[in-house]
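In the two assemblies presented below, chain A is common to both, partnered first by chain B and then by chain C.
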Partner chain A sequence: MSKAGRFSLDRLGILWMIATLGISMFPQLLSMPVHLVPITLLPIAWRLLAEFRHWPPVPIILRIIATIIAVTALVMTFGGLMGRSAAVSLLVLMLSLKLLETFSVRDVRVVTSLSLFLCATQFLFSQGIMMIIYIIASLLSALISLMYAHRREAFEGLSEAPDTGRDLFTELSFGMRLMVLALPIGLTLFMLFPRWSSPLWGVPEDALDARSGLSDSMSPGSIQGLFMDDSPAFRATFQGSLPSRSDLYWRGPVFWDFDGTTWKAGYLIRNLLADSKPELKRAQFRYEIQMEPTEQRWLFTLDYPALVPTGTRLSMDYQLITNQPITQLRTYAMASDPGFRDNPDLKLPLLRAALELPQGFNPRTARMIAEWRAETPSDGAMIQRALAYFNQQNFHYTLNPPLLSRHTVDEFLFNTRQGFCEHYASAFTVMMRMAGIPARIVTGYQGGWYNNLGSYILVRQSDAHAWSEVWSKGTGWIRVDPTAAVAPERVEQGSVDSLAQRRHMLDFAWLLHARNTFDLLQRGWNNWVVAFDSVKQSRLFTNFGWGFFDSMKLVIAMIAGILVAAAASFLLMPLILKLRSSRHQDPLVRLWQKFNRKLGKAGFTTNPSMGPRELATMAGGQLKYADEGINRIAELYILCRYSPTDGDPAELAALIKGFHPPQQS
Partner chain B sequence: MTTLAGQHQPRSISKSIVNRIKQRVLAKRGPMTPPFELAYRHIFVLPSKFGLGFGFMLLFMALGALNFNNNMALILVFLLGTIAQMTTLIAYRNLVGLRIDSIHAEPVFCGEPALFRVFVTNGGERQRFAVQAGVNEPQDCRDFPLHTSKALQLAQPTNTRGWRELPAFRLETRFPLGLFKAWSWIFPQSRCLVYPRPARKAPPLPRAGGGESGNAHKGEGDQVHGLRKYQTGDPMQRVAWRASARHDELYSLEMEKPQEEACELDWDSLTGCDVETRLSILAAWVIAADHKQLAYSMNIPGEQVAANSGANHRAQCLEMLALFKS
Partner chain C sequence: MIDISLQKPTSATTSEDRLQQAVDTVNQIIMGKEQQVKLAFSCLLARGHLLIEDLPGVGKTTLAHALATVIGARYQRIQFTSDLLPADILGISIYRRDQEKFEFHPGPIFSELVLADEVNRATPKSQSALLEAMAEGQVTIEGETHILPKPFFVIATQNPLDLAGTFPLPDSQLDRFLLSISLGFPDPRIERELLTARDRASVLEDTPPSLHPEDVMQLNESCRQIHVSEALLDYVQALLAETRNSRWFESGLSPRAGIALLQCCKAFAFLEGRDFAIPEDVKAVFPALTRHRMTVPHGMEKSVEEQISGLMGQVAIP
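What follows is the complex of A and B.
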């Protein structure tokens, strides 16, 4: 193959392959560390230029060097190649570098196929409804790329150019038709294909990236990023009464240990199990939560959970902690009793943990609390006084507070006085502990957006919240939200609507509203597609009345079905083909065949080589009684056949219909 | 019997078994000698190498998707699998109903490839794309729009003079994605006449006039005798273009027939060389004489041709040489 031929052949194939790769890697490019993006795009740009400027492939030495540089950059960024993000980024980089040597049909096919593989890996990160567009775009582009590769292969090396223009429109509509035709079968397979009830191999924990949601520690300012994130955290569908807005505190990680800047969950406390939990029959709220994967271990519930789903445990501070990180969409039924008394008696070590403060931090606050304590001996009054302090002094609720240094509470209370829930919760809890009142911090989500169409509450990451709980003997832990004292609208309207200015350029109320409504589709998609598993599959079969199928039987049934279908097609296909071929197009021939069949029944076997007259003579000789009729039919057939103006096929049809030779035994 | 079996080497046994199976499978599928129409029973479909690789990738993707219960990935796999499966049908439909009308090959000289032209007609059920033909590897490829007839070329190397048979070849297609290959065997009963390879250093053309080789040039400088109306069969070189343009009608130049005597291309004049060399030299002479538009007669053992000239004469002489049996 000459050099010139290799380049000039089907540029479109190369361009579509690059398009396929570009579409497939697009989501990964968005989520990759920014400095890796130019490294990824560079080989693609080179390949595009090479296509138009007829550059030869890059020498192998340079390719090796480029690969080493890229992998080194990747390892330095991710600290290794473990983890999904790192692995998929590696795949993207390698595919992009592959373009440096992609000139032959074989390489085009490899890159296109692996782009489809890359496409599948993207669903590890998101299975949102918008990914349908992604699937369609990359699939269509890949099909076109493969079609061009095939044409190039077929016509490669021929002096004559392909003589039928299969233009872009043809290829596009052909690819689209393939996809549409494949859809019903593909979806049927999707529903019927046996699923594994448990994975063969699990996800290694160090492969997780803990990409979204709350984390297992809190320092003021740490959940700030979450307020920008409008992606859904979970959806709750209530049976019966909806809780009021002020009850919508979704409980997540609880923190006891404070080191001056950061709140953490004590290891011990997290592993203590709850002694008692609310009785199910007293639970006021019953709901189902569909939770997006967090790769963390918390399930979110309203206070206080009365159910413990399988694979989770209920800790002593009423966090629901799963045994495995949540890597997939998870749906769980929950019931909550807000009136439950949380630990009316607290054991001494726990009491100490709820009062402990690091030494040498926040002296001004300590002095102020000591003064207050002298004036107000009652715990209830102390709480009220602290809340009133937040309310009456000049505190502001803002998502962009100034940074705090060593004495975070002192600086916040006396200098900056700007912050959001974390600052208030942290300062309040420290104040309570200084006053000798056991207190802890709870993080989670507050509020949510009620979707009227779907009758469910959508909670977004931007609804993240932090509040405090204080303990008193007999009543147990009670929720106190100091943020509500400063900005009551935060609780009444939600975190986003309570802000005076927009968070970012595209932060419009109507847009968020539209997105909230659109979430209904996402929820349905989640329910029907993303969360479809072996349990839902067997439920579906039960609805169809095939309840006896479990997955093993399903496998057997599928194999049997395929075998039966194959056998049937082997046996039936020749029959069908014969039927089709024997059914002659010409109506006259069909009539003649009918006549021959009738003669056959009467005992005269016809021979295809006989002409009509010959047949009539022979049949008349054999079947004397029908001689007259046979002759008339034969003559009329000849007339119809050779002199269409004189012969009337309808008359022939009538004659043949009325022809009843006596049956011969 | 045992001696017969013992004569075969192991490799040829396995080869002959494969061949026998092939023959048996194909025997049931009706005639496959042109003209015939490709039907259901003629067409085989199997995955191509790329198709196998693609299948393995799909399997791998399906395993991962099932393990992580990742339903969108699973949908992608099932869509791709279904599309791949559908292409088997498309490939089959791309071949079925094509009619192989006839196969022609013009005679060639030994050493040149024999070009077999396989005429294929698309009756018009649907368009066909990228239909390839080849004995082992695909050699030629054509698209067939509705109601078209085209020739696919199969080049076969030639090493010996005589008849060159076109072996069984395949009409195949990998349309539309290249994942599957649909093909049909065709057993042509056509052959190409291979003339002897013309000798490169042939002795000079024997002239009747006692070897006056100087005359050769005279023959070329033929005088134009006159004009006459064009008749079908007149060579293009003799069309009087200017005169034709003036009269709006085609005219041919009438050439003066060389008045020399015909050359005699005689087998017996060539001594001291073997049969094939003699045939080569004779072939070279025929070409040379024809080129100079001389009349020539030929004489080889068992056959003789009277003096004549022209394309038919040339073909007759060369065919005699090609099929000469000593």
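What follows is the complex of A and C.
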């Protein structure tokens, strides 16, 4: 703080530092409590004004008061300083307050480095390709700010810094050169940095709370948000034939229990393991899925999964459930056999669970089904009748259905008749159970976007879907999609495309192409950067024949490597610098340096500030036996270098070559 | 005030030889101070004025006297005191009743060599009278300009310790002095010789001049012809640039000081009998040229001399 008056920082450096801070804290500002935002912006505004109006620094007392106010506001907002949001807000606030006492280059360094740290915390929330743009922006800004600040420091004391480097382009290009130099180190660290199968620092459980995805329960209306969300859910790359679009039912959570409004999985059923699973050799589709993190435990597969990846189990209703929530990008190979027969025999408790309905709900539907059942005793006919009902009555497929209250199925079937997959699946399943046909709800995704550039299917959150399965003895569970009865185009084209208002927007060929390209990039980023986990790393090591490296050995190897590199640079750097600075254009000077080196070997250390005659006197005093030779060389060098009547450099070269003082033992 | 009567210079063939003889003679009088004597002669040959900063009794006056003697110059000594008036230096116009007009009586400054003793004891007014005369080479009194003789060489002395009742010379005026030297105490061996040998003053009286003032003018010219190589210029510039680094001094050497450095350096090389300058010449004159021009930054516990040698140790010879 005492430096305030003494050190004038480069104003451009300060401005770029503020820009870095602004870029880094922007996403945080959006998620911070609103009343903390002005407190955060105030110091920044002050610093900007102070730069332009040359205000003096804020007194220390005021700075302490401002800090106390900020911390108090934080504590009052969050009830403490623990927790992710509070911690990030604290970092943002303190960084902003740091601007009040940014006096030295060191302070600039602290602020820009912490800004970058703040940026990096964003990776806890998202690891998508868009993050690169954000990171690059703040990185460039930080680079420029540091360049300005350090250039000022390097030339401190000189009346003025050299003209070069005053403009942005020079700073940037020099900074980029340094970055390029650092790139190999960065890449090496990226490849070699030890990776555990789970992240080193615990990503908080709620880290991805804002992410949309299928949940472990369904009450009509809960999927609605998904339809507008075009973010990717997963990508599937098929080997061999692609399934037809109407076969693309990606199986997720399966729901059995209905309490009148909400469908749930039921703890027991989810934990029952499948009795039998499809044989791999009969699997018709083989594909690899790269799945975005969901914070949930379902892996999505086509019916029916023939592979069970490690760390997962296959439940009795063929959900693939992982042991740990999926917090990072996950890739798994999968094979599916659509012809598999799902539980042709159902145990009694399960049968009961598939028929159970809450008492006192949906009386009108119950009456109607009772009437139908009297007319159509066959289960198959019953199913067809229900589907026909949806088709022939005036039902609409819409993403904005009216709200439903207590008797959700009654109201939907007889009053509103507007809804999307959830409503149809829920109503249909209830109708089936009323008719005594075992039925359950399956949620997941339907369809996908075929990316012909990368030959894979992109499934987005907006492809979320819900459908029904009914059971009959002998055939087992069979998929019935009531939504297809109402809006077949939903299944044919995908939910978003089936809505008139957004259709034509997506019809532009270039937009389609751009979307495909962008998603391809995103997949590449996922494949090469985000998904570079411990498995890929060890695979890489195996390729190089270093397969024996595990995480622990890697840590030791890295620490050793860093130590060796540090030692080497400490020892070698002075040598390299010496060599570089001593490499002189003038051959005469190079001769003289050679002579100096010879003297050095003989035990006389020369100093670059010594004049030739001075050196000769001192060296001659120390190396008495060589006194005469040294003097002759020095005098000849003086003649060659300083006299107008040139001495003979060749003679000097010969003299120096012939100069062999005894080596010091 | 002492007036030395002109004596014929001894007969040596060339002015270079006579210069060498003059240097030797001074060295016989001021014993054991070869470097300072050489610097004093360099200053003379570079047409600059010399400042000697030292304690009383170490031979400042003797050096000035000896120089005056060997170059055969008319020599005046002005003892600066606090009541010294400009007219005491420059001269005065007196009304002559019989001729009914003013007549200018030249002051002691109208000599080829002036010793301004204890220059910091006089008032700034008197100091500046001297220093202006040094800079201009002429004196203007009551609208009339009087040209000073050529060569014109001022040796000023200062006592650096006894500062009570003194008026230290401002930096701008110190810049008028080309070099500043200090003699320091003699070696024990030399001191023994001083104690046993004849009185210096009487030695001086018997000393014949080696040079003629015209010789000095000619030698000045010769000094200008000394060759300076590009490499040496690089070194001079590196030194100048380093003085401007704030870790050494409050402010760096001016370009004028740089020119002065090069002139002194040529004169020094000439005295060494070379027709080209080498880095050792620069290093020899650099401290004398720098020490009265520089101040150490506040709060740095170093003397100017320490800073100068530190600086020279940092600048590599290109």
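Heads up, the rule we're going with is that the second predicted complex is superposed on the first by the 369 of 665 C-alpha atoms of A that agree within 3 Å, B and C clash if a C-alpha of one lies under 4 Å from a C-alpha of the other, contacts with A are read in each partner's own complex, and residues count from 1 in each chain.
Going forward, contacts are C-beta pairs under 8 Å (C-beta built on N, C-alpha and C of every residue); 3 or more make two chains touch, one makes a residue touch a chain.
All figures in this text were calculated on a predicted structure; none of them were measured in a lab.
Visitor: Tell me the contact category for A:641 with respect to chain B and chain C: first, second, both or neither.
Guide: After superposition on chain A, A:641 lies in contact with chain C alone.
Visitor: First (chain B), second (chain C), both or neither: which does A:151 touch?
Guide: Only chain B is touched by A:151; chain C is not.
Visitor: Identify which of chain B and chain C touches the larger number of residues of chain A.
Guide: Of chain B and chain C, B contacts more residues of chain A.
Visitor: Could you look at A:42 and tell me whether it touches chain B, chain C, both or neither (first, second, both, neither)?
Guide: So A:42 meets neither chain B nor chain C here.
Visitor: Is A:655 touching the first partner chain B, the second partner chain C, both, or neither of them?
Guide: Touch partners of A:655: none, neither chain B nor chain C.
Visitor: Once the shared chain is lined up, is A:610 touching chain B (first), chain C (second), both, or neither of them?
Guide: Only chain C; A:610 stays clear of chain B.
Visitor: By the touch definition above, which chain A residues appear in both interfaces, chain B in one complex and chain C in the other?
Guide: Residues 158, which sit in both footprints.
Visitor: Enumerate the contact residues on chain B facing chain A in the complex.
Guide: Those residues of chain B that touch chain A are 39-40, 50, 53-54, 57, 60-61, 64-83, 85-87, 127, 129-130, 132, 138, 140-145, 150, 173-179.
Visitor: Touching residues of chain C toward chain A in the complex: what are they?
Guide: 227, 229, 231-232, 244-247, 274-280, 282-283, 312-318
Visitor: Considering only the defined contacts, which chain A positions touch chain B in the complex?
Guide: 106, 109, 113-114, 116-117, 119-121, 123-124, 127, 131, 135, 139, 143, 146-147, 149-151, 153-155, 158, 162-164, 166, 174, 178-179, 181-183, 185-187, 189-190, 193, 195-196, 199-201, 203, 327-328, 529-533, 573-574, 577
Visitor: Spell out the part of chain A that touches chain C in their complex, as residue ranges.
Guide: 157-159, 586, 589, 607-614, 638, 641-644
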